[in-house]
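Below is one structure, written out as structure tokens; the observations come after it.
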Amino acid sequence: MVELLLSLAALLIGVALLFALYRFVRGPSPADRVVAFDVMTIIAVTAIALIALLEGRGIYLDVALVYALLSFLGVIVIARYLERGL
Amino acid sequence: MDALSPLAVHAAMATGFLLILLGFYGVLTQRNILRMVVAFTLSTTGVNLVIIAIGYTLRRTAPILDEAVPLAEASARIIDPLPQALVLTAIVIGLGITALMLAYVYKIYQVRRTLDIGKLSELKW
Amino acid sequence: MAALLELTGAMLLVVGAFFLLLGGLGLVRMPDLFNRIQAGTKTTTLGTVLSLLGVALMEPQWGWKLLLIALFILFTNPISAQVLARSAHRTGEAKSCKTVVDRLEEDQQA
Amino acid sequence: MILTGMTLLLCLVMIGAALVAILGKGLAVAILATGLVSLVASLLFLILAAPDVAMTEAAIGSGLTTFLFFFVLGRVRGGEHD
Amino acid sequence: MIKRLLALLLIGGLGGVFLLLWLDFTPPTELNEVARYYAEQSAPDLGTVNITTAIIVTYRGLDTLGEVTVLFLSAAVVGMVLVRGRRRTAATAEGLVSGGELLASGSRLLVPLILLLGVYIFVNGHLTPGGGFQGGAILASAVLLMLLADPTRRFSHRLITLVESSTGLSYVLLGVVGIVLAGGFLDTRILPLGEFGTLFSAGAIPLIYSLIGLKVGAEFASMLANLSETEAL
Amino acid sequence: MTKARQAGPLFGALLLVWILLHGSLQWQVVVVGVVVAAMIALLFSGAATPLHGFRRTQAGLRAAFGYLGYFFVELVRANLKLAVIILSPSLPIRPGIVKVRTRLTNPVARLLLANSITLTPGTLSVALEGEWLYVHWVTVVSDEVEEATAEIVAGFERYLEVMYG
């Protein structure tokens, strides 16, 4: 049962990733792609937690910690580039 | 708990190889230097991925001995740590190299006002 | 008891993943950038927090670290969304034809 | 099983992002796509049981590389079209 | 046209080689001899939980020293390449758009947290994934966030250089101490191994990794500072 | 002295985060944590934490809990509302950027307000200038300053005003 639910969660996350990828490829403007990128990094945090769960290794969460705290930097860099504040 | 099948390792490795090829293609065909740098970083990532995929050993886990992997079982449970150490180094150096390349791109643009590789022809013979 | 906790955790994880999926869908369906940011920020924040809570229920000894991850997400995610929205507005990002009012633009022109 | 499926999907996303990086129209998009490649690579490293490498990729790919590229791109903005 | 054809040919040839390699590859199920040595010996020998760290800091410590040197050189060359364009005053930065109040408050809030995370990552290098390089990159990310919130911000080059050179010197000195007190250059068994799995264990590894972390952080930070201070074209 | 007092809340917050990161209270962890937190706190005495300017009275504490509860309820409401919008085929949106007023002056409180607004039903802070906050609203109910303020800001401001004075 738990196994099934976990696969369902993984499937949902994967589909979400594909939707975001669609927006990333289609654009149309760079800012749209940045939003897709942002969503993908947040999805990655959940994916890391899921991987840690599946492998049974709590230490993997440190990677999620790094992403949770640093992923917004990339978005801010691009936002500042777009408004010419770099 | 949930094991990775050989198929996945092969897929990851193929992706790595594909990334290397795509990066090389980009480096060889692009005319804009900045785009060449982008392609170069792409192939760096590909190389790293291939090395990590080679280092993966089936049904084993990361080389960190905590409560999930006690010391006594270490040699039966963990994967080869050496490629990881290698790639870790490569990624950090990769950032240094990227920074260096970008500094040169910046300098070239400052002096020549162009990024087109075709117009930078002093070294041609 | 432990089995029940695990089941609840897995369900929460699925709910969280569903919200992430909604975020992706919103990203595809929404007509302009600002609405996409809205869809992308709110749903992914709640989705991540819920799924981290689910993981915490399944593996209680990871709780503190998961709590910190959730806190960091709650702080950083809106900041990046706001900075992006501001920058996009400043660069004149196209707005959907459904937009009824834009006070910021009016004030900037005044 | 789940992890295998995840790996295959991530490989697909990675190839897609790499194609965008090489063939995409604007330079900004190409750089953004390399950021995406680095993100997916980090997840793949984690699945392939290399958390150290995944964390390195996370720490470096999420902010620093993107900044370096966009900074230089911002300074050479005019050079893009020739 | 001919160029593109040549490129495609080259890519095709390389792809063929890769294909052969790929078809030949079967994922192993057993460790090779070197890996088994590391798996069995590094924990009793050096007291590290994370074997990758043991390899980077001790078994291949000299490589790491070289790596840090390469990073230092690339940071120095970036500084040198850009030195001609160094901005004299902050006045030229007036054209830059400021980051806005939200980003400023957010960065004030998050910079200490990011620094703390960086320190956590490199102090726990022997226990959890991560170590000096990751931690250093995270420290530099904190500097990057400050820079993004306020592009005109100046950093103290003297402080950065001081941190970089003193940590580098201490690193080499610790290596030399290893020759005197233990088995050789960069041998980390100069301090007691401590209790396996606690923060103060694994000999000098946490100390060396902290030094590497600070040094890498200072190198990346000096790179960022040099870049941000170059004049806009 | 004032510097040390200013660094106090930051030091406390950092030490707390440090201990949560390790998830243990071994003496080594605490010792290293104290040293690291003290160093960062002294280096960045100008930095902010949620504790900065926080009114440490019973009323402030009660407001903080009220704020947290209200925030999570609003977060869930926001997502359900957005889910309805995204899943309905006709996409019933009426977007616009409205202007609202805030009375808060403490920077941390203003940041928390903007973040909360971003995460709650249908609104996204776009810019914060002086007392004006520009908010993108998916379903604009009213574009008058006072009504929009009552609709968007008032709920959070009630708690934040007590918390940060």
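Order of writing sets the labels: A, B, C, D, E and F. Residues in every chain begin at 1.
Criterion: a contact is a pair of C-beta atoms (placed from the backbone, for glycine too) under 8 Å apart; a residue touches a chain by one contact, two chains touch by 3 or more.
No experiment lies behind these values; they were computed from the predicted model shown.
Visitor: Which chains lie in contact with each of chain A and chain D?
Guide: Joint contacts, listed by label: B, E.
Visitor: Between chain D and chain F, which partner chains are common?
Guide: E
Visitor: What's the minimum number of touch steps needed to get from chain B to chain F?
Guide: Each step joins two touching chains, and the minimum needed here is 2.
Visitor: For the pairs A-B and E-F, output the one whose chains share more C-beta pairs in contact.
Guide: Higher contact count goes to E-F.
Visitor: Could you work out how far the Cα centre of chain C sits from that of chain D, in whole Å?
Guide: Once rounded, the distance between the two centres reads 21 Å.
Visitor: Taking the mean of the CA coordinates per chain, how far is chain C from chain F in Å?
Guide: A distance of 15 Å separates the two centres.
Visitor: On a C-alpha centroid basis, what's the spacing between chain A and chain F, in Å?
Guide: 23
Visitor: Counting only residues that touch at least 2 other chains, which ones in chain E make the list?
Guide: Answer for chain E, listing residues that touch two or more other chains: 50, 52, 97, 99-100, 102-103, 106, 109-110, 113, 117, 121, 128-130, 133-134, 137-138, 141, 144-145, 148, 220, 227, 230, 233.
Visitor: Would you give the residues of chain D that are in contact with at least 2 other chains, written as numbers and ranges?
Guide: If we look for residues of chain D contacting two or more partner chains, we find 1-3, 47, 49, 51-52, 54-56, 58-60, 62-64, 67-68, 71, 73, 75-76.
Visitor: Indicate the residues of chain C shared as contacts by at least two other chains.
Guide: Where chain C meets two or more other chains at a single residue, that happens at 25, 37, 41, 45, 61, 65, 68, 72, 75-76, 79, 81-83, 86, 90.
Visitor: Let me make sure I understand the interfaces: which chain pairs count as touching?
Guide: All chain pairs meeting the touch criterion are A-B, A-C, A-D, A-E, B-D, B-E, C-E, C-F, D-E, E-F.
Visitor: Would you pull the chain E residues touching chain A in the complex into a rising list?
Guide: 96-99, 103, 110, 113-114, 117, 121, 128-130, 134, 138, 141, 144-145, 148, 151
Visitor: Inside the complex, what are the residues of chain F that reach chain C?
Guide: So the residues of chain F in touch with chain C come to 17, 20-21, 23, 75-76, 78-79, 82-83, 85-87, 91, 93-99, 111, 114-115, 118-120, 122-127, 132, 134, 136, 138, 140, 143.
Visitor: Show which residues of chain E lie in contact with chain D when the two form their complex.
Guide: It is residues 50, 52-53, 121, 129-131, 133-135, 137-138, 140-141, 144-145, 148, 220, 224, 227-228, 230, 232-233 of chain E that touch chain D.
Visitor: Along chain F, where are the residues that touch chain E in the complex?
Guide: Residues 10, 14, 17-18, 21-22, 26, 28-29, 32, 36-37, 40-41, 44, 46-50, 107-108, 110-111, 114, 125, 127-129 of chain F touch chain E in their complex.
Visitor: Across the complex, what residues on chain E touch chain B?
Guide: The contact residues of chain E facing chain B are 3-4, 7-8, 10-11, 14-15, 18-19, 21-22, 25-32, 34-36, 38-40, 43-44, 49-52, 55-56, 60, 63-64, 67, 70-71, 74-75, 77-78, 81-82, 85, 127-129, 133, 137, 196-197, 216, 220, 223, 227, 230, 233.
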